[in-house]
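There are two complexes below, and they share chain A, which is joined by chain B in the first and by chain C in the second.
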Partner chain A sequence: MRADISPRAKVVLYGVMCVLLIPFVFPTWWMVTSSMKPISDIFAFPPQLVPQSYDWTTYSKVFELQPFVRQYWNSAYIAAVVTVGTMIISSMAGYAFARIRFPYANAIFMIVLLGLLIPSEVTIVPLFQMFLKAGMVNTHWPLILVPIFGAPSVFATFVMRQFFVTLPAELEEAARVDGLGRFKIFTRIALPLAKPALASVAIFTFLHSWNLFLEPIVFLSSAEMFTLPQALTQYTDAYGGPMWNIQLAAATLTALPVLIVFIIAQKQFVEGLAHTGLKG
Partner chain B sequence: MADVTLSDIRKSYGAVKTVHGVDLEIKDGEFVVLVGPSGCGKSTLLRMIAGLETITGGTLKISGRVVNDLDPKDRDIAMVFQSYALYPHMTVATNMGFSLEHRGTAKTEIAERVNWAAGILGLTDLLDRYPRQLSGGQRQRVAMGRAIVRNPQVFLFDEPLSNLDAKLRVVMRGEIKALHQKLKTTTIYVTHDQVEAMTMADRIVVLNAGRVEQIGAPLDLYDRPANQFVAGFIGSPSMNFLEGKITEAGFQTSGGVLPLPKLINTEMGQIAVYGIRPEHFRFSDHPRHASVPAEIVLIEPMGPETQVTMKFGETQVTGVFRERINGAPGEVIHVSPEVGSIHLFSEDGDTRLN
Partner chain C sequence: MAVARENAHPEGRSSSPFWTIARRDSLAGFLFIAPQLIGIIVFVLIPLGLVFWYSLHEWNVLANTFTYTGAQNYRMLMEDESLLDVLGATAIFSAGLVIFNLSLALLLAVLLNQKLAGIAIFRTLFFSPVVVSLVAWTIVWGFLLQKNGGINGMLLTFGIEGPNWLREETTAMISVIVVQVFKNVGLNMILFLAALQGVPKELYEAARIDGAPAFKQFRRITLPLISPTILLTSIITIVGSLQVFAQIAVLTQGGPGLSTTVLVYYLYQQAFQFHFFGYGSTLSILLFAIVAILTFAQWQMRKRIVFYES
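And then the complex of A and B:
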């Protein structure tokens, strides 16, 4: 956005942005404030935008009703392993597709990309059967292996390939003259220069794993093994009705690390979006 | 330092042949410039010497050792790229010492050699900077520094000055030449700029369409080009060519009869191409012995000399004169070619006739 827009246009622009703010900010605001309200206040009419009374016990109940710390840890370590694994695999695969001339490279890349077109709902049943045979159901392995070798990694490989394609070939030639082999060129030259692309891959992979919902509910069955999105659905009363304030307290705690990461790495988020060519 | 010998070097990309058998012997310590128009195969040839392109046919020797199938790192060469190819994530010092570091050289020695190279190239104050913080000329120097720290047997330069502005190009040209005189390392330098070739080379190799047209010292090429291509390529403004016939009276063109030099292997009536460099015309404002009339098209005063575009018969020619010429387009002046500086080529331009 250029700074030299007219004051009138500026007023209109800020007006539109304020209106747009409502659908973006209101759900978060409602989630956070409702997590502190007694359940009766959540449904009060007129709605209470600012809580009239606070009930902090919701947060302690989050931890009482479920092994929430354990579930938090599950989500965190799975997302970390998936992120690191995807970064390794996608950077190597992306580099190979971009830089190494091997027979049918483009055709193979196209086939790999086709993986993105298959919805996870289609593959979830065969995957379940496969992991069942391997004795991995109700373990975290499917939640680690499927993203690292599945669609999220394909997408990450695509992002990395697009980056490596733009890296000047002369840099690698200079490195060859300097005495580096292919692997060293990758680790010492290409990879350090790919930091922006790697950062966007890391951010998107982490978010994808953190928010993963379908796979955990299919593969996991005990509360000790649950991840956060799945755990959120378990805050129900004896009749299966949601315990709204506790569920929203848990949701607030779940969203917190993502929010913190977003605030810290806002710039990388935006650059990452630009890298992927997606609109979010 | 080393000799470099190319014997019948060929390069094909599938069915497309780009280099058609180049023979060249480069002596130890020599500065050889490969020059030619875009697509003539000069960069491909250099990249084959570097080991960045495979050699389709022929033999390449460095210091008497056949290196056809060796990796670039095993050829003991250093290359300066057109875009400099400095590693953007490393400082100047790391860039320069990178190859030594990779070869397991001791840190103290790396620092010593980097400081030595930085001293020669005036980079001592810039060692902690990143390439993005440097100007074009400084980057060029770092690229050269990276090449010299290793003390390789051969330096390869691939159009290293083409990204610099005209003024800086002249400065860096001098620096590269001075560096060669200091280090005396065998150097192969690729350029499309014939001025660079003329000013820097011990010997020039003129390439065209993947073939060597002529190899020789700069002034030999200038004074006695072997064919019309070399004659037209070397020299700026380039040589004038006039088509005509060899007769008893002289060289018969559409604009008149021009004096002929001593000829070899020619016959009366033979069609040929008459070449004369712009500075080899003599000017007079009235007819003289052996002068021919030419109509002024354009006068460009340069200060020390005057460049005149003239129409001679059907052909437009350029003359460069020491005199300051006052004339208007359409006026006729009289020019006479210096007989000793005339070049005569066969009709197809492939053979020199004098």
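And then the complex of A and C:
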């Protein structure tokens, strides 16, 4: 805001931010370090901020107790398919709503926006019945089809529409004169310009799919079909209590890759999300 | 809202007189939106119709009976004593979440908007929980909040004996709110930061020349100019808070008692644990009504409290 900050104010600002950072950063640190400690040390007092001895057998138990590689693959491929599918569907719809004149466009746009008002939680009971009738319970189809075509994709379509509205009309007119049809104008001119919007759609679609929890526990019942969030909660002992060290090791394996990708590409991440036409 | 732009030429270039550019554009428009529109009909509108239809029935899954009972489920809704507790927990959870989330997001955005060396690193770190897997984040907080967990361990080194956070009603509610806020506040923080950076600097300079103190500048310049973003983030956050499920399921399972049983969790229990699909559908209609009314009310408030230039 102001250009000149006194040195003393700077120290105060850095201090305040460092204290505020604790609840944002410490849990991740605690997750990673505790997963490496032997079980006897994870509730040790005083708390060991850095492990004093290491026990790597926890990590092999993650893979022994559940088909964890398979579950990892389930989450990864579902998130990938949902992300690519949503990018295709929502960029096409967003483009048409922003740039093509067709009958009832406004009315149809309003119908699509209804999806924002009707989260999947509201329709989970009939969706379960529909997929049950279609023989798709305990398959990954509900976790793929509903996000790509249903309510979760509406937000993506909205973001894409907000982006395409800002494109100058002259670009398309020039392409028209060159004899390009709608589809080619879309794929060759509009889409390449839409990379920032597509990137942010990709990011939040991926995170949404990666974090899904209610849908997997409603639709999936066998361990080899589980996705990661669901699998993490299944590392329990005979009494149903969590096996903390194994849960934390599995949680670390789940969280770290995405976190590392984020830190490498954080500029695109953060700026992409800030510039999605979301500024009201 | 004008959706389509004026870009169809009146004269067709095509050799066939029927396929004018306008007609071809109409066809293209329908084809482009078809997957999304069909998806919304199949996965949103038909299920919404069905959930209303189910809500008028008593549905016994084990006996395989499905009987029309009219408004009986809705009468049950009115007489359900647990539901009052559930709605109370939902209201406390949503209100607490929105207030804590928006004020923290605004505070962080104001801090990150200062010209300091290394500010980008702080931005990255504050944002990082957004990309940590939700259930992983929840599990580690559950671990920290155990009676003998990390938080109480830290407190004890200062001689403070902490409560059993997840097993006492008040602290359980505070815990689920706090865990959720730290997970996602980074999103609102980034939106606020973008809005703050859009406030013209000249306004602050003018205010400083007039001798307005920093707090007054914030209240009179910053807040009105970012009010559209405040409205947008509060709608997103409220609707999002009504969908919070995983954190409750992992941390408290709705307990102790019903103290953290929010509406979505109650709906899940009734429909998928107790197999009351009819009553579960009635609860879904209630959830839908709450989301719709809140969104509509906030949208109306926009006219009164949101400042628009122009």
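General remarks:
By our rule, the second predicted complex is superposed on the first by the 266 of 280 C-alpha atoms of A that agree within 3 Å, B and C clash if a C-alpha of one lies under 4 Å from a C-alpha of the other, contacts with A are read in each partner's own complex, and residues count from 1 in each chain.
Operating definition for what follows: contacts are C-beta pairs under 8 Å (C-beta built on N, C-alpha and C of every residue); 3 or more make two chains touch, one makes a residue touch a chain.
The structure displayed is predicted, hence computed values, not measured ones.
Of the two partner chains, chain C is the only one that A:V154 touches; chain B does not reach it. Within the superposed three-chain model, A:P192 lies in touch with chain B and out of touch with chain C [touch as defined at top]. With both structures placed on the common chain, the touch criterion links A:I39 to neither chain B nor chain C.
When the shared chain is aligned, chain B comes close enough to touch A:K184, but chain C does not. In the superposition on chain A, contact is made by A:W210 with chain C only, not with chain B.
Counted by residues of chain A touched, the larger count belongs to C, out of chain B and chain C. Looking at the shared chain after the overlay, A:E173 reaches both chain B and chain C.
Contacts of A:A96 after superposition: chain C is touched, whereas chain B is not reached. Overlap of the chain B and chain C contact sets on chain A: residues 173, 176. Within the complex formed with chain C, the chain A residues making contact are 1-3, 5, 10, 13-14, 16-17, 20-21, 23-25, 27-28, 30-31, 34, 42-43, 45-47, 89-90, 92-93, 95-103, 105-106, 108-109, 111-112, 114-119, 121-130, 145-146, 148-151, 153-154, 157, 161, 165, 169, 172-173, 176, 181-183, 186, 207, 210-211, 213-214, 217-218, 228-230, 232-233, 242, 244, 247-248, 251-252, 254-255, 258-259, 262-263, 266, 269-270, 273-275, 278-280. If you check the complex, the residues on chain A that touch chain B are 168, 170-171, 173-180, 184, 189, 192-193.
Taken in their complex, chain B has these residues touching chain A: 50-52, 71-73, 77-79, 81-83, 85-89, 98-99, 102-103, 146. Considering their complex, residues 1-9, 22, 24-30, 32-33, 35-40, 42-48, 50-51, 54, 108, 110-111, 113-116, 122-137, 139-144, 146, 148-150, 153-154, 156-157, 178, 182, 186-187, 190-191, 193-196, 198, 201, 204, 228-229, 231-232, 239, 242-243, 245-246, 249-250, 264, 267-268, 271-272, 277, 280-281, 284-285, 287-288, 291-292, 295 of chain C touch chain A.
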